[in-house]
Amino acid sequence: MIEAFSFVPPLRRAGLNPVNLLMMEILLSQIAALVQGNVVGDPNKLIRGVAPFETAHEDEITLAGQAKFLKKMDETRAGAVIVASGVEGFSHNLLQVDNPPVAFAQVMEFFHPPAVPEAVIDPRAVIGRDFVCGADVAIGPLAVVGDRVTLGDRVWLFPGVIIGNDVVIGDDTIIYPNVTVYSRCRIGQRVIIHAGTVIGSDGFGFAPNGDQYYKIPHTGSVQIDDDVEIGANNTIDRGTFGKTWVRRGVKTDNLVHIAHNVTVGENSVLVAQVGISGSVTIGKNAILAGQAGIAGHLRIGDRATVGPQCGVGKSVPDGAVVIGSPEMPHKKWFRLQRIVAQLPELKKRLEALEKKLQQMEQRNGKGF
Amino acid sequence: MIEAFSFVPPLRRAGLNPVNLLMMEILLSQIAALVQGNVVGDPNKLIRGVAPFETAHEDEITLAGQAKFLKKMDETRAGAVIVASGVEGFSHNLLQVDNPPVAFAQVMEFFHPPAVPEAVIDPRAVIGRDFVCGADVAIGPLAVVGDRVTLGDRVWLFPGVIIGNDVVIGDDTIIYPNVTVYSRCRIGQRVIIHAGTVIGSDGFGFAPNGDQYYKIPHTGSVQIDDDVEIGANNTIDRGTFGKTWVRRGVKTDNLVHIAHNVTVGENSVLVAQVGISGSVTIGKNAILAGQAGIAGHLRIGDRATVGPQCGVGKSVPDGAVVIGSPEMPHKKWFRLQRIVAQLPELKKRLEALEKKLQQMEQRNGKGF
Amino acid sequence: MIEAFSFVPPLRRAGLNPVNLLMMEILLSQIAALVQGNVVGDPNKLIRGVAPFETAHEDEITLAGQAKFLKKMDETRAGAVIVASGVEGFSHNLLQVDNPPVAFAQVMEFFHPPAVPEAVIDPRAVIGRDFVCGADVAIGPLAVVGDRVTLGDRVWLFPGVIIGNDVVIGDDTIIYPNVTVYSRCRIGQRVIIHAGTVIGSDGFGFAPNGDQYYKIPHTGSVQIDDDVEIGANNTIDRGTFGKTWVRRGVKTDNLVHIAHNVTVGENSVLVAQVGISGSVTIGKNAILAGQAGIAGHLRIGDRATVGPQCGVGKSVPDGAVVIGSPEMPHKKWFRLQRIVAQLPELKKRLEALEKKLQQMEQRNGKGF
């Protein structure tokens, strides 16, 4: 038996209070109460599941958050449809809410409650000295916890997780298998770290010494604040001095690289395969699209957007939208793309002009 | 002793029947029988190994699959050369086959038979409840198998592999060290998954909620069909609803990212560091070259080719070859590259025209 | 207790000889002796730490290696400043050295000595048959060492490291958690491999066989020479025949991909997310910037520099600096970027010329 690796469904984390957990069925009015919405139609409609627009059955609830779904409303067989406040005029049972995607996610969470482990430290886990362990912690078999580690309440370490010495992890944080956290890193509350991710490896710093390189020690660490989610197989290096800092609410996709001494501001989003060089500062609520790369020591502004595969060589102002490699304002980029596509034609027009002018000259002689 | 981590060579997987396994020597005629080829030269030539064209010794067999090797045939000392059917006129012993590279791979496999473990579940592995275990399964020490897992015959799990609850894995599948498979994923027969890969992590889906993000539960899973090979340190996310689907015969290189609800069609190839956004559908026999990225919800057609570092922003038709960021047909891209390289010269020609026209105007006065 | 996972500070690796380890304080003259420098100012100044220019306290030493720091010398409160030989004329205590960044790294290493484990093989590690073990080896719990493995003196394997059969590892090499080394790979002395990296996975080689692919066996291995540092979550494939070879002094950042049969020359640097295709040869002291990609079978010359996100499709000569996708000499690239940015204006000028010429024609009639 692998207690800490099993799933039991008390919905502890979700904080929801289902009517009938075993049957997983609930009245539409109860869902409305859950998501603070308003029913248009039958409040006693029994809902047994949640599904996408195209495939929902008559006892399931779905989402029509965007106008394109409202236009084809007759194509869904769903027993109820989550819509924005004010949307009406359909024969379906409607659940009007302020934020349809969030309400839909909440309903998904109700029908698919997050797994919760038994609060057991598996005897096959390895626990170091001077362990400070919160309540209801679950540690899977073959996880390793170093010396002087502090875990908050309800922390869940999956099998194969390796936690270095002197690490601190906050309440309700989940770390999936085969994650490595180097020594002295600090991880906040309600953080999720997906499998294979490495937190706290040495930054990439070497001092040239003739033809060779001398390794610069990395004496700092990594701090990950509350409510962060880190994707699979990320790499987040520790600071040379001080910390690499991933601030509250940041979300990273898979295979993201964050170098030493980077700060990622609150609620910013790093899409898959983004690479951020050393000492970059990213503001709040920025979005870096997939495979974008940021050169060292730059600042990406609050609410800035960096396009996919963008190569950023200069700092980006607050609210700017940049794309291209090297980056430029997206409007300029789109204009340039259009002109570049016309280059064969423009070249022909240039040649036509040259020919015409030559003919004029020939016709008029040198004395023209 | 780590039985499940040791190599013994009964060639079980290869299905080959060597003449003299200890000596690893075989007649050229026997190789011909193995690969269904035709000997031109000495069928009794004794072959003791396989090697590249440039370095093969007189008792080794090599490959001259391409015309460039035929042109320098006198540069190889190999005792036999695999060539295409119909190739002759050389003093070497030739082995004519329909598909020289495949025949060469088969001969390599004969001389370097794939490792086969002893069919032992190491006592230091961790096995969950309600385990359904096929015949001749090998599980290395410190592998973890969750609850209600089903393994087919001859499955080989290396040390450090973590298999979540309710996972199903088909016959003859090999999973290398430190791979993580999240709960409920399904993996087919004869699948190979290289070390460090993560299968079934949550998709990157969050509903904006003011300045913050609300996590969208990922209730789906990942399905990997038969004969797939997944490289090292890949990340394949589970579906939001339903499955992320890697279909039969797909091959992925290292560090490939496949997002939630992607379908990769049969026999398609994803080269290293490719990134595929959510809900993309890739057709059959497509090739995505290294570091290419595909934006969300697109379709890449059957037999399409996407060039290296290509950034695909629109769906790609069947059979198309695209390159560039943003993508365009490769012929257009090559033409544009040529013109862009001429831009300094074209600019000078434009300036020369302007000057000439100005001179004409000056010479002729305003009244021209 | 996890002996092999604990940190004790005898400074064994650093080879330094601190005056007062517990207090971690030292005279400036002693630091001068350590780094072979020359004190200008008070040789008896007591130094208790090392810190960045902006944040150093009065009992700490800092670095002013670049001219920009010399210009704002009055902004640091540091008790001593490491400068280049010949720099003087400041009121601070100066430590003149030939190579300030290297001296600073050495001083950092003194104050932050690298962790050294107790020389213990944890009983929860798994050790295969015919193990050849050097002196003072440290192996953490839940590491796995295959059969016939040879470890040099003072090798340190962290928890979760998986070492395949027949692997050889040299003296003083450190391998961080969850690294996988496939069978038969060879790793030199003083090598550092960060967490999650995979060494020796099969190269990405398949022979097309109709619509399907036939796997090409990878019979070679990986050789990593002395003084190499490999970042986190790298993937280095084994050779098809022969070896993939990472030569002495190479440094790789995180998420780097090195394909089968690649050679990376001495002291070359691969920045994060670089991808190198099969059979590429990289010379000595080359630098490949972040997210660059190299197509197969090319040669990157000695001391060549490949820019960030560069897509290299042709071999690069010794000493060349290339950038762009496809790559070109960086001077050409910068010139083209400037002209591309002018394209909207150039197009207008072309149109103005066309209009003017048309007016001339109209004014002069067809008979012009």
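Letters are used for the chains, namely A, B and C, taken in the order the chains are written, and counting of residues starts over at 1 for each.
One rule holds for everything that comes next: a contact is a pair of C-beta atoms (placed from the backbone, for glycine too) under 8 Å apart; a residue touches a chain by one contact, two chains touch by 3 or more.
Every value quoted in this text rests on a predicted model; they were computed, and no experiment measured them.
> Touching both subunit B and subunit C, which chains are there?
A
> Answer with same or different: of all residue numbers used at the interface between subunit A and subunit B, are over half used by both copies?
Counting shared over all numbers used gives less than one half: different.
> Please compute the C-alpha centroid of subunit A, do the same for subunit B, then give the distance between them in whole Å.
27
> Touching two or more other chains, which residues of subunit C qualify?
Residues 142, 160, 178, 196, 233, 255, 273, 291, 309, 325, 340, 350, 353, 357, 360.
> Within the complex, which stretch of subunit B touches subunit A?
126, 128-129, 142, 144, 146-147, 160, 162, 164-165, 178, 180, 182-183, 196-198, 201-202, 204, 206-209, 211-217, 219, 233-235, 237, 241-242, 255, 257, 259, 273, 275, 277, 291, 293, 295, 309, 311, 313, 325-326, 328, 335-336, 339-340, 342, 346, 349-350, 353, 356-357, 360, 363
> Within their complex, state which residues of subunit C touch subunit A.
It is residues 1-2, 5-7, 51-52, 55, 99, 101-102, 104-106, 108-109, 111-112, 114-115, 124, 140-142, 158-160, 176-178, 192, 194-196, 227, 229, 231-233, 249, 251, 253-255, 266-267, 269, 271-273, 284-285, 290-291, 308-309, 325, 337, 340-341, 343-344, 347, 350, 353-354, 357, 360, 368 of subunit C that touch subunit A.
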